[in-house]
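After the structure tokens below, expect a handful of questions from me.
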């Protein structure tokens, strides 16, 4: 039974991250996604401290606040002349440091420790305990993820053309009158929501793997945006399934195995993608010669 | 306060304090060059990639020595940089995605290996996960000495090759033109970054060591336009952060060194942003007012002049 | 000036496609554009000329509100540009876009319709038909389904132009449309510009090639941080004005064998 919950959770995480990851990769903002997944952490901890329990809505709200704050700070530093990559680096490391300090000082109140931040509590604790606490925790994480996925699908489909144009040609988007900044913050807000929803299962740091790697894999497999989104979700879900299987066999971190599985799928696509795979391209050259 | 003082007189603590200060110093120095070459986040990638390297080194030898870890992490770092370059050159993926893939992929592998070690039968594996967030206070004497030597070597190389590093950061094409072995120097710089990252992991942890490379350099940028001064300041800020971080984290139980050091560096960053001459917020506000004043005066002059011309006609 | 004169002037000015007064842009302390004032009339085909760093692209971007200005006013048909976006078409520089994006030529042209669709509507059959028509006008109808990374530089530029046509604007801004294109594309662009002019549209083009200015544009704007000259090409595009704009960087002008009051096109 717990297998089913874990797989469902994984699939939901992969779906949320897969959709958003496509836009991050296309906008060349993969590292901002990385930054946000780190910097929502203090928000989560503060929410825990304030509510004394795991009130999901408060956590969501706090994560959103910190995600938007991160986006704002990065933008502000960039506008004041600091390079993009340095802006990202300064913001996420300092916010993450705040989070770690809070966790270290108030670990007992928060029922969190440093390892949980990294790869989620589910993986840190053994299977048995997952099953026992599973009936209480599983569904909650599933509900949160389900809600997040719904919001993501809704927002992206309603504003599909805006997100597409902002990613492709933000200069034209601005000239037409589309509020590019608004959609930027909207996207990063969704990333924050996805991170916090995935927090309990995959942890803050590994969520970035599921954000970027399946989307990049899909990028190598297709030339159409719609297909890319679908493939990104599919690859992500496959990664979580394969990863979980590997984790059970090896008795290792589930989240880590999921990301490793995603990496393996990426390498396979990199080499063998029918349109762009390295090996395929070499074979074609040889056929011509 | 007394606690801090008693710590400082403890010879073991003195070594650790010195080591972390040196670490901050060398990271700050190297960080300047990576900032100028727009490779700030490369340090983050290298740090995440180092984790599997360290784990594999431990799994293969069963020994917990920083020298060995340096080798493991270094090799992993080299593979990582190669991977990023390969992905960018042979596919339509851009550098940010390539870095993200390598960073999270390697880190995921590292976490898997870490949990395998923890669940496995490796003897003295306790403390390996200290690499994640750093625990300077638990560093062994010999490790501290190794780290200090490494950092001193780093600083020496940067001082000796300052001219070369400066020019390949600014204008590699020109450097090639005057005959510098640019590729070699770039690899050397990358190697020094790997060394700084690996040395820093023990004190500050994998996740946050990138901050030591980025934040002091960015802070220094706000105070000067000259590279030599920037390097010195960056080293100074790094050293300060390292020292303060170690002191505070050692005096509070259960507080890892990494985040405190990063917060110290961030504090210096905020001070620099506000008060840096020319680039600081305060200075810019004053300058903007001056420019606007100048323009409005110019406009007034022109209107005045054109009115005069009309009157004359 | 009498009152009636003032009112008449205002009415004439209100109808002008583009009225810019006192536009200034500064980057930190350095002025990039200083106090630029000019008025473009309907149907004019304006070439914006100047040396590198003169602020040509900046002028365009500031007029569209894409970068902040420190002073000045931009009126499109008498109203602030923000209210008139539907009347403006924009062709940015080709490098500003990632050509690896997963989309095809038709889709790119369709994006030009987004300004007319508002927040929630999707492009419909009419929009698609119009997009195909625009592709046809630039000779790219056969490439409608082609992935854009597979297009040559000139073809990409033509797709960009088709997109601008799809915007169905009255005033067009084009940033270096002729940069790095092949002869066929250049011809296609010129034909298009002429057609737009015939339809009564106004086009402002940032251009870099002095040799072709006289053939392409009926009005020129010479820019070097400040407005150096603005007016009909025949009168404004003179050796003297160019010398002033380029500040002596055009050494070849002295060696030219052309009549002293204007610069010839192909002979230089």
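Letters A, B and C name the chains as they come in the text, with residue numbers starting at 1 for each one.
Here is the rule we use: contacts are C-beta pairs under 8 Å (C-beta built on N, C-alpha and C of every residue); 3 or more make two chains touch, one makes a residue touch a chain.
Here the structure is a predicted model, which is why all the values come from computation and not from measurement.
Chain-to-chain contact here is organised exhaustively, every possible pair of chains being in touch.
Between A-B and B-C, more C-beta contact pairs join the chains of A-B. Farthest from subunit A, judged by the mean position of CA atoms in each chain, is C. Here the spacing of subunit A and subunit C, counted between their Cα centres, is 41 Å. Subunit A and subunit B have CA centres that are 25 Å apart. Centroids of subunit B and subunit C (each the mean of its C-alpha atoms) stand 44 Å apart.
Subunit B has residues 92, 284 in contact with two or more other chains.
Multi-chain contact residues of subunit A (touching two or more other chains) are listed as 28, 81, 219.
Those residues of subunit C in touch with two or more other chains are numbered 28, 149. Note for the complex: subunit C touches subunit B at residues 22, 24, 26, 28-29, 35, 70-71, 100, 149. Against subunit C, the residues of subunit A that register as touching in their complex are 26, 28, 81, 158-162, 164-165, 167-169, 171-178, 219, 222-225, 227-228. Subunit B meets subunit A in the complex at residues 35, 38-41, 43-44, 87, 90-94, 96-97, 99-101, 103-105, 107-116, 119, 129, 132-133, 207-208, 210-211, 213-215, 217-218, 221, 252, 254-256, 258-260, 262-263, 265-266, 269, 273, 279, 281, 284. On the side of subunit A, the complex with subunit B involves touching residues 25, 28-31, 33-34, 38, 80-83, 85-86, 88-90, 93-94, 96-101, 104-105, 107, 114-115, 118-119, 123, 205-206, 208-209, 211-213, 215-216, 219-220, 247, 250-253, 255-260, 262-263, 266, 270, 276, 278. The part of subunit C that touches subunit A in the complex is made up of residues 28, 61, 64-66, 82, 85, 88, 90, 92, 96-98, 101-104, 108, 111-112, 114-115, 117, 119-120, 122-123, 147, 149, 163, 167, 173.
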